[in-house]
Structure formats: C-alpha cells, structure tokens
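In what comes next, chain A is part of two complexes: it sits with chain B in the first one and with chain C in the second one.
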Partner chain A sequence: MHKLTKNGKKLTRSTILRCLCVAGSVILTLAALWYLQRLLMPKYQKGVVEGSMIEEYYLSEEPHEVIFLGDCEVYENISTVTLFEEYGISSYIRGSAQQLTWQSYYLLEDTLRYETPKVVVFNVLALKYGEPQSESYNRMTLDGMRWSSSKIASIEASMTEDEHMIDYVFPFLRYHSRWSELTATDFEHVFSKDRVTTNGYYMRADVLPEGAFPDPMPLADYTLPDTSMEYLEMMYELCEENDIELVLIKAPTLYPYWYEQWDDQVDEFADAHGIPYINYIYLRDAMGLDMSEDTYDAGLHLNLSGAEKFASYIGQYLINNYDLTDFRQYADVAGEWEDDILFYDSLRQAQEAELSEYGELRSWGANAIE
Partner chain B sequence: MLFTSLKFIVFITILVIVYYAFTPAKERWGLLLMASLAFYFFADPRFLIFIFVTALVAYVHAIVTEDYQAKRKAYLKQNKELFDGDGKKKYKKTTANVTRLLLVLSLLINLGILAATKYTNFVIDTVNSIRGGEPLSFVNVIIPMGISFYTFQTVSYSIDISRGTVKAERNLLKLLLFVSFFPQLVQGPISRFGDLSQTLYTPKQFEFKNVSYGFIRILWGYFKKLVIADRLLPAIKILTGSPDEYNGAFVFIVMMFYAAQLYCDFTGGIDITIGIAQVLGVTVKENFDLPYFSKNIKEYWNRWHITMGTWFTDYIFYPLSVSPKMLKLSKWSREHLGNAVGKRVTVYISCFAVWLATGIWHGAAWHFVVWGLMNFVVIMASQELEPLYAKFHAKFNLKPHKGYAVFEIIRTFLLMSSLKLFDCYANVGLTFKMFGSMFTTFNAGKLFGGALADIGLSSGDYILLAGSITVVFLVSLYKKFKGTDIRGFLYDRFPLFALSAVILLIATLVFGAYGAGYDASQFIYNQF
Partner chain C sequence: MKKKILSIMLGAAVVMTLAACSGDDADTAPVVLSGGETAQTEAAEGGSDTADGTGDTAAADAFVFTYNGIAIPMNAPADAVIEQLGDGYTYFEAPSCAYEGMDKVYTYNSIVVRSYTKDGVDYIAAVELKDDTVATAEGIRIGATEEEVRAAYGEDGNEGTSGIEYTKGDSFISFIFEDGRTIAITYTAIVG
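And now, the complex of A and B:
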C-alpha cells in the first residue's frame, strides 16, 4: 500500500480517503441543507404574498426619498407608481402584514443602511399592539430582512412565547415539516422569486363595496401600549438623528376601528414632537374616495383606484410640505421607474383581464388558485 | 435536557470537542463526570442531591464491606490455629451475616429513596381507592430523572460488592461517575459496575472507527425516534384518547402503531446512548437484540431491554430461587404435592416476584402491575403448553421450517403487542374492553372512508412511515442474517458509510417530527 509520511505518522491511502470522505460529507450536508432550506421556506408567490414584500426592497435600484412604514394600511392603500407619475416622488413602502411598531422601527434602521430618505411616513394603526402577536405574521416581516443587528433586535422584540431565535437563524428547523406540502411553486422559486409589489405597493384591481362594520367594542383601557409608544419615540429620534421628516398618518379605511381616544394620543405625541399627524379617515371625501368602488374587500383595504386616489392626495401634501425631488427629470432614476411602471401596468392588465373573464380575481388574494 | 433538544446537541458537540482536543486522555473520565453532573444539574439542580446520596451510600457500603471482609479474612488466615471446623464455619457465618446486614442497610436507603420519590403517591392513591371516605392528600415529591436506572445500577454494585464479585471503587468521584454517567441516565441501559468500569475510567484515545461507529449510531437513533416514533405518537394519543370512537379495528391499528412507536422510541434512545458512549470511547452493554424476531415470549424478553431482564434474573430470580426458605418450600412441595408440581412451585413464585417487580419498576400505576403479571401468565402458560405443542407438531408432522418460524415470529409479535395495550389506555378495565372489541366489533371497513386521515397523519406521513419502517426492518434483517450490524459492511466501504451518515442526518432533519407544531415528546423510558 502506498504510504506517505508526515510528522512521523503514516498516512495510508485509506486514511486519506476517509478524511476526504468526511470533508466531502460535511460539504455535501451543508450544500443539501442550504438547498433544502431554500426549497422548504414558504415562497409567498401566490395567495398570501405578504411574506415576499420585505425582501423585495433589496432589489430596488432607485433612490427613495419617501419611505412608508406600516401594515396593510400602507402597502395596499398607496400606489407608489401614482406618486411617481403625478409628482415624480420616488418612494418605497416597507410594510407587511400586521407589521408591528417595533418591526417598522427596525425596518427603518435597516433602510438607513442602504439610503437616507427625506421623509418617513408611518401609519399609526399598529400602535394599538404592545405585545408580539403571531408567528406567521412575524415570519412574513422578519424572514425577508437581511441579517443585521436590526433584524436580530426585531426578532427578539417580536417573538411569541413558542418561538425561538434558532428557528430564525436556521429557518430550516421551522419549515422542515413543509416537505409534505411542497408545490411546483416551491421548486420553481428555489433561487429566484417573482415580484409581487411595485415598490412595496400590493395591487388589487377588483371591487367589493364597503359594507357595514360591527360597532366598536368598548375597551377597558384606551391607553396605547407603552411598548409601541416607546418605539414611536425611538422612530422619531432616529429620524431626527438622520435629518428625516417623520409624518404620522392614519389610512382612510374605517376597519379595524381606530378609536378617538387613540387618535387623541397620537395627536398629542405629534404636537409634543412638532411633527404632523394626518388622519385620512376625515379626508375621504376630500380625496374623492368612493368606497362603493374604491375597495376590494368591503372597506378593509383600498383597491387600485382607491390606492391611486389616496396616493394622489398624499403626494400633493408631500410635495407641498417637503423639498422632494421630481425624479421624472432624472433619466437614470426615471429609467428604473420605467421598469416598475411596466410591471405595474402589466399587473393591472392581467387583473383586469381576469376580472373580465371570471368576474373575480382568481390568481390574487389569499385564496388564489395556484 | 432532552436528547432531542438543541441544547443537548450543542452540549454533546462541545463535550466531544473539549474531550478529545483539550483534555489529556488520563483526565477524560473527570470531564465525563463534570458533564454528567452538568447534565443532571440542567435537568433540575435538586436531582443532584438524590444522586449524590445514592452514590455516597453505595460508596460507603462498598468500602466498609470490602474492608470488613478483608479484615475478617486476614484474621482467619493469620489465626488458623484458633479455629476448628465448626468455629471456622461460625466465623464465616458471622462475616456473611454482617455483610448481609450492611447490604440491607445500603439497599434500604437507596431503594427507600426510590420508593419514596416514585411510589409514595401510588400507594396513597391505592389506599384512597380501597378505603374510601376522606382521601389522603398526595405528597408533592420530585422524581429525579432516571432514578430507577441509577438506583438499580447502584443496587447491583452493592450486591456485587457483598458477593465479592467486584472490587470496591475507592475513588468516590469515579463511583459517582459510574452512577451518573449521563448518556444512560435518561433510559438506561442498566450497566453493571464490572462491565462499565472496564472502559469508563481507562485513558481514552481518539479512535476514528469508534467515533464513526458511534456517530452513525446516534444518527440512526435520532432517525428512529424523530421520524418514526414521534410521528406516530400523536396518532396513538388520538386513537386511545377516544376509545368509544376508535374501537374494534382501530385497536389493532393502535397495537401496530404502538409496537412500532415503542420500539423506535426505546431502541432509538438506546442507540443515541450507546452511540454517544462509543464516541466518548466508553463501551455500554447492548439492550436490544432484534426482539421482534423472537419466536416465543421467553426469547422476546431475552432480547428486549436485556439489561433490565438480566438484572431481575441475577438479583431477584436466582437469589430468590436458591434462598434457604425457597429450597425448603421446594422440598416440602415435592414431598406433598408430587415431583411435577413441587419442582414448579419455586420457579412460579420466583417468576411471579420478578414480573411483579418488573411491572412496578416500569411505573407507579396499576396497569403496569397488571402488564407485568400478564407477562408472567403468558410465559408460564406457554411453558406449560410446550408438551402439548410438541404432541401437536408430532401428530401433524410439523417439522421446523422457515414458514413455521415466520408464523412463530408473527404470533409472538402479536402477543407482545397485545400486552403493550396496557400501556396505551387509561386503565386496566378499558384495556380489556378495547382488546375485546377487536373480536366483537372489528369492522375493518371503519378504517376506510377517511377515518385514518383524521388521526393526525396525512397520506404523506403514511408513505413516510411505511418507507422508514421498511428501512428499519431491512437493517434488522441484515443483522438477523449476517449476525452483525450493518455498520461494519458500510465502514469497509467508507464512502458508502459517509453517504449513509449524510442521508440519515438529512432525512432526520427534514422528516423528523420536531419543532413548532410538534409536542416534543420525551423518550418513553425517561419516566423510569
């Protein structure tokens, strides 16, 4: 048998072979786990697409002078394309389903790693939550974030009792049981995903007129939770440190119910900090919202026409009050937006086509057919 | 710290690295002791007190007994002339009596701790149910993890010391390591001092083959535990939790599921235990030898939980069978009841005692006692029916052949699976009722039409279980026919060995029933 000598020890061919096998096994295991992790993680490409929104931000090439933060009250209600087309505002919505205040704060921290916007618009509905709510919503916001101290802090602040940091570090441990639910979409999107938003705006072109909402339940305590208010304070300070104007808004949708007492507390906060707070519920008529045709789910969220009206209205406020660039004049940025607008238009056409064919959307929404 | 917890996996990984990379070979037993105590500490710091006391009692007993015996022996040797035949006998008898007294004292303390922690509430519950009226309150008592296992190990050590079959360990810390060696604290095997001390204290070098063998065995254990046992457990709980709904044919499903679940849970845990020990250079006795290939119940018990069976044989059955009172009874029985009955009396009594103890050892509940006694009845019945079988075989010219062997294996498997039902249902009466329903309302049609999909298992789970159990069966078949486990075959073709390890690891990580959505179930034998 061929023998080599090293440090007085004999290395036989079989020893070398074994070492190579061990090294190969380690590499093979790591590669397989890496692939399997990508395969098993939810893709959020059809139906519930909210889990794709946060990571899409990192693919956006153009600069953003306005960043919207919040939950579905921003990502479904404000058309970023309208803002650009009408005012030249280059914006991005960093929002996802039931995005909690601290998640918005850490997403702002995360955003500042890549760019510094001039204005941050925060939708206040999530202030009502002072505790972690649900793992599935956490996942949709947190899995898509790039790793940073902000992500770690956001996970720590968001975890429910049954969640563990290790499952976020190695999502494989959380999603391994999806092996029996894998679909063609999972295999198709192991390494790449399709866009689901236009700069964070999630389009729905269908219509379901606003209906009656249940009467608001009286609450034992109307005080907004300390935790969320503390994060709002931190958000304000972060904006101050970075010369960013913070604007607080309440989207014009009526449900979930936004209590007057909450509104007053946000008002007080805004007054105390010298920042604007605009409750667009009171401005629905001014912006021309017709909730018999501007909502797709009976008034919970705006549809495409509603989002365009809201964007048109808030855009006017933004250009009137802040020194925002008209990026339509800048070819490189406008070029980037051109792609976004193309995507937006193709999505609109696809949804309109489906609506004319079936009278409803079948490829979008929580119950989308794959 | 469960074997299946991430904490344990991190713990064991760090231990192995520190063990081989930073600890001199001679000192490695010390690291094992620290790891064992840490393992116990993390489970519950209070447990340490119990294990310390148990080890200390055994230590003191061993030293005192050995010194006493040596002193007496030396005195006898030096003063031969002082003793005539009777005097020598008397002297030795006194030595034996004192030795026995010391042993009784030691056992009283250690078995007393076991009884007090594990069986107090069982006794209270039983008394309450017998006497009625104002019930006695239950005692809030902690049950140290693995107390049955380490107490039995310690008891065997004390008895072996008394018998003079092992030498006393004079280093308290080394004895503490024997008692607390962490891989086997959770669910055994029940090691003997004479066996375990051979490798526990000796300086250990890193041996690639040993570590590889141990590593793949750990993976195999996790595969059986997480992919099969823990996937079946929720379904078994559903099936046994609604006995009115799931009777008849479903009881047969429970039998099959529980047979697979218990086997994979227990052997999986033992594989992890022995694998970890092997990685650390410690040889622990095997606890299973293909029990489901047994042709009769006696053989089954020689192959299932072997170290417990041999413990009961060595420390209860034999001592009881040859005790003076039993010999006297045997003689009396032969004289008064005839040779055929007389020779059985002592065997029956000893066997009864063993199975009663086995039942109680398995748990502080009456269904365990009944389960133990049912084993006794079946073993005795099969022994008594042996001549009848022989006549039957002779009459129908049934010669041993493969087909008949398969029949015997299936018969034994079904019989043992039936007895395991006592472990599944809430009480003994219900178990009998459910067992009976298999014969009165079997109705196999109930299994179809979606009922099996309503017990927490999807079609994917069924396919996975069928595939995994087939793999376990094939690996067992290899051992059955080759007489050695498959690791040797794979190791000689090392790339195949490495690939098998990768596949096992990935299969366990992907298909294992762990994490969110699963109730991380402890190993069943953990409770003992």
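And now, the complex of A and C:
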C-alpha cells in the first residue's frame, strides 16, 4: 500500500523507512550530546559540594517560612535542623559559595515561583562586591537554578568578561575540556546526585580553633558599591510587594574582615527602610560561641556545634519577632522534617566516626577533593 | 540512505569538534571547571635587584619591592621569596569558599606579603608596607605627603579602588591618603 505526498508522489515503504532512520539518527545524536553534557558537567559531590546546593532546593517538599540568602556565612553557619527542633521553624538556606547580592536577589525571585516565605534573612557580607568576581563561583550558583527569567537575568548580571550566555544555555560548550579528567564520580552521578545539605545547611563537625587574623587593609573608599546596594533595595521592594519581612544579618565570623564603615552603611539602610539589621559579631558571647571549639577552619566558618548555637540564638529572635508557625505541630510537615533530621543525624554520626578514626574528616572538605 | 546517515553523523562530529574548539580556553578555566589549566609561566622574574635596602626596582613586567635586600616581585613564585625572607613572620591562611583558592598572609615586622595559588603554585599577590621604616625605591614611605608621591611617581596615577594607582606591567602600586598624608602603600599583582 502506498500513501501519496502533497505533490502526488507515492510515499513508498522504503521512503518511510529512510525518514525513520534519519529521525532516529538525529534523536540518537541529540541523546548522545545530552548524555555527554550531563557527564562532563561538574557534579560537586565530593570535596567541593557547594555547586550542588542551589538545585537541592527544588527537591525539598515542605513549606519554608524562613528563607536565608547569602554565601558561606549562612550555609555553613546556621543549622536548619536546630531551628526546626527547637522552635518548629521550617526554613531553607538558599546559599552558595560567594553568592553575590544580585544572585541573592534573583534567587529570591526564583524562590517566589514556588513559595512565599514570611521572613527572608539576608547576610550582608556580599554587599562589598559591586562587580562579577569569578566564573567558578558563578557556575556554582547559576548552573543549579532552574531556567526562568530570573536565571537569565542572574547570568547576565553575573558574567565575568570572558563568560558567554551561550555557555550557560549549552554547558557542553564550556565543560568539554573536562573529558580528560572525568572520575568515577562523574559517571556515577550522570543522572542523579546525592544530597549534600540539610535544607541548605552544609555540615562540618571537625574542630580547628580560631586563631589570630591579619590586620585589615586600609581601603581608599569604604562606600559599599552602588550595584550591590541597588540590588539590596530591589530585594527590599520585592519583599514589600510580597508581604515578606526582610532581616539583614552579619554572621558572627570575623574573617573576611567586615569594616565598621560598611556596618554603618547597612545600619543606615536598615533604619531608612524600617527593617532590622543584626551584626552577630557583637553577639558571639551572648549566643555562647566558643571559637576554640565552634569552628572547623580557624574561625572562618562555624562547625556543627557553632551552627547549632547560632541557629538557637537567631531562632529565638525570629519566633519573638515574627508570626511563625510551629511546624512540629503539623504532622505532614513534621513528617518531611523527620527525613531531613534522619539525614542530618546520619551525617553527623558519619563525620564523628571519621573524626574518631582518623582525627580528621577525609570524606568531606579539602581532603575529599578528587 | 547511507550517505544521509553518514552526513548526519559527520554533522554531529563537526558540531562536537566546533564545540570542542569554542568557549573559553581550558588554560584560563577556573580549577573546578576544568583541570586543563597550565601553570602560569610568565610570572615576573623580578628584574634586577640593585637595591641593598628597601625599595622597588623597575622590573620589566612588574613592580618589585625589596625588603632587607630581598627582591619581592609581584606575580613571582612565592616559595623562594618567602624562604629568602627568613622565618621572622607570622603566617595566616584562609581557604576561599569551596576551596577556590587559598589566601596566604605572611606578616613581617614592616611588611605584609600575600600570595595566591594557581595550579598548586603560590605566587606573590601583594606587599603592604606597614610602617615608615621601609620605603619604595622612589623614597616614598608611610606619612609621605600626596605631593611627594605625585612628584615621585607622576601626575598620571589612576584613582582606583585601592587609592591612587600606578601600573607597571602586570602589577600596580597604590597609595591611600588621609589628610594629605600617605596611610597605606600596597604593591599588587594583576592576576590574569
């Protein structure tokens, strides 16, 4: 039996077969390219896991009334599990390495596509950056975002001089040179990734006491850059439009140095907008931080015990000042958190076991980099 | 038919080849993105160090500060320089977020030396002058007036984020003034 084409020619069986073969070849080629792209993209599963954080948010099932935005000063310093266990606060840290202020803004836009939190807590350290800094950090924040106008805008705002939008649209173009350095981890995680955080909190249970820091360098100009302050203003407006309370914080860690002049400018911004700004550097004693045991890297970041103390302290502030739900009373949400807590506890036990056996962590952090 | 399939396969190969040749060079890719980097080989070798005391000399590619007779060229491999400078320093190191680098800070009596790491090799990133016991080769030290700096280095300094900046090759020296006096002098490597 023959079918007729538009110009009256007979569509023979062999013609149909040819078409099918061509279509099949195209599909196979595209599939191969897609697979190669997935294979070649960094997996961020061992050592440097920060590139996995942004995309993990989309897998979180429970609602979040508090969203934290910022860099390592949030994702390493605040235990989301402590916030839930002590106060019933359901929160998520949308943090990433050296997250720039405009990236925080666009991540907030992105978050609002999925839920509207009651409180957004923004850590102010990144306000010191007024320009794109590093492709590696950009990738860790941007590659994990789902495609949306927010992601496109964030890429455009973040690209360094040598970066191109096309490389973000087709990451294969950027990552092709990784073919010679692929590891077993790359093959293992082509289609799925292991979890690396507990609702955005990156755990480190080891201890390295805080030491002395070098004196801060004098700066020619202490004015926080216009660009970052403009995005902070936009963040404030976005929160206002969505009935979200914005809270500005500076994490209690002392390095990188946070200049008093910067602190004053954030204070002025907060006063002018009627929002709180809390510099927790001044509250280290009040929250019971003992930096001889509450940091894992000589004071740059808090470890697990430090993050639990900070969470306990900031959690009290949040429930005292905002109408937050105690989700421990809601079985469905509490059930989701049970899974998170199981993960958290198993991670804690695994890290403690390694510390006990080796005196250091070998499966996390710098020692685990492949 | 076979020709068509072959064409498609060739087309795909061309696309992949083009892709392999496009984008940023692996040589400039950040560590996490690609391990295909090659070590920086154009670090300034320091030029001629003719000064016996402190000061800078005009290296071909970068400023060189000299401390206790030891040349400290910007962007030069740091290990040898630190070794020559001796043990009289306090050391601080801070890994960047996600281990994208390591800031190493060596604090001596009168200067602070900072290094950066590239491909596992440390290079001189900056030298800060801490007090007025050390001076640049042009005789500028902490406390010098703005006029003295301009007389020594010229009127063509750029006002940058680090103060008044004078560039030489892949480095610059910057001066910060307060009430007309120099309060900070820093040599900085421009990292390509």
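Everything below uses one rule, namely that the second predicted complex is superposed on the first by the 347 of 370 C-alpha atoms of A that agree within 3 Å, B and C clash if a C-alpha of one lies under 4 Å from a C-alpha of the other, contacts with A are read in each partner's own complex, and residues count from 1 in each chain.
The working rule: contacts are C-beta pairs under 8 Å (C-beta built on N, C-alpha and C of every residue); 3 or more make two chains touch, one makes a residue touch a chain.
Worth saying up front: this structure is predicted, and the values here are computed from it rather than measured.
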Once chain A of both complexes is superposed, is A:G51 in touch with chain B (first), chain C (second), both, or neither?
second
First, second, both or neither for A:V22, with chain B first and chain C second:
both
With both complexes overlaid on chain A, does A:I369 touch chain B (first), chain C (second), both or neither?
second
Would you check which partner chain A:Q98 touches, where first means chain B only, second means chain C only, and both and neither mean what they say?
second
Where does A:Y259 make contact in the superposed view: on chain B (first), on chain C (second), on both, or on neither?
neither
Should A:P218 be classified as contacting the first partner (chain B), the second (chain C), both, or neither?
second
Of the two partner chains, chain B (first) and chain C (second), which one does A:S136 touch, if any: first, second, both, or neither?
second
Of chain B and chain C, which one touches more of chain A's residues?
C
Taking the two structures together, which residues of chain A meet both chain B and chain C?
18, 21-22, 25, 29, 32-33, 36, 135, 162-163, 167, 172-174, 176-177, 180
Note: in the complex, chain A contacts chain B through residues 14, 17-18, 21-22, 24-25, 28-29, 32-33, 36, 40, 135, 162-163, 166-167, 172-174, 176-177, 179-180
Touching residues of chain B toward chain A in the complex: what are they?
6, 208, 458, 460-461, 464, 494-495, 497-499, 501-502, 505-506, 509-518
Quick one: in the complex, what on chain C touches chain A?
1, 4-5, 8-9, 12, 15-16, 19-20, 22-24, 26, 28-36, 90, 92, 94-100, 105, 107, 112, 128, 159-164, 174, 176, 183-184, 186
Under the touch definition given earlier, write down the residues of chain A that touch chain C in their complex.
18, 21-22, 25-26, 29, 32-33, 36, 42, 47-48, 50-51, 71-72, 97-98, 134-137, 139-140, 162-164, 167, 170, 172-178, 180-181, 211-215, 217-221, 255-256, 297-298, 300, 365-366, 369
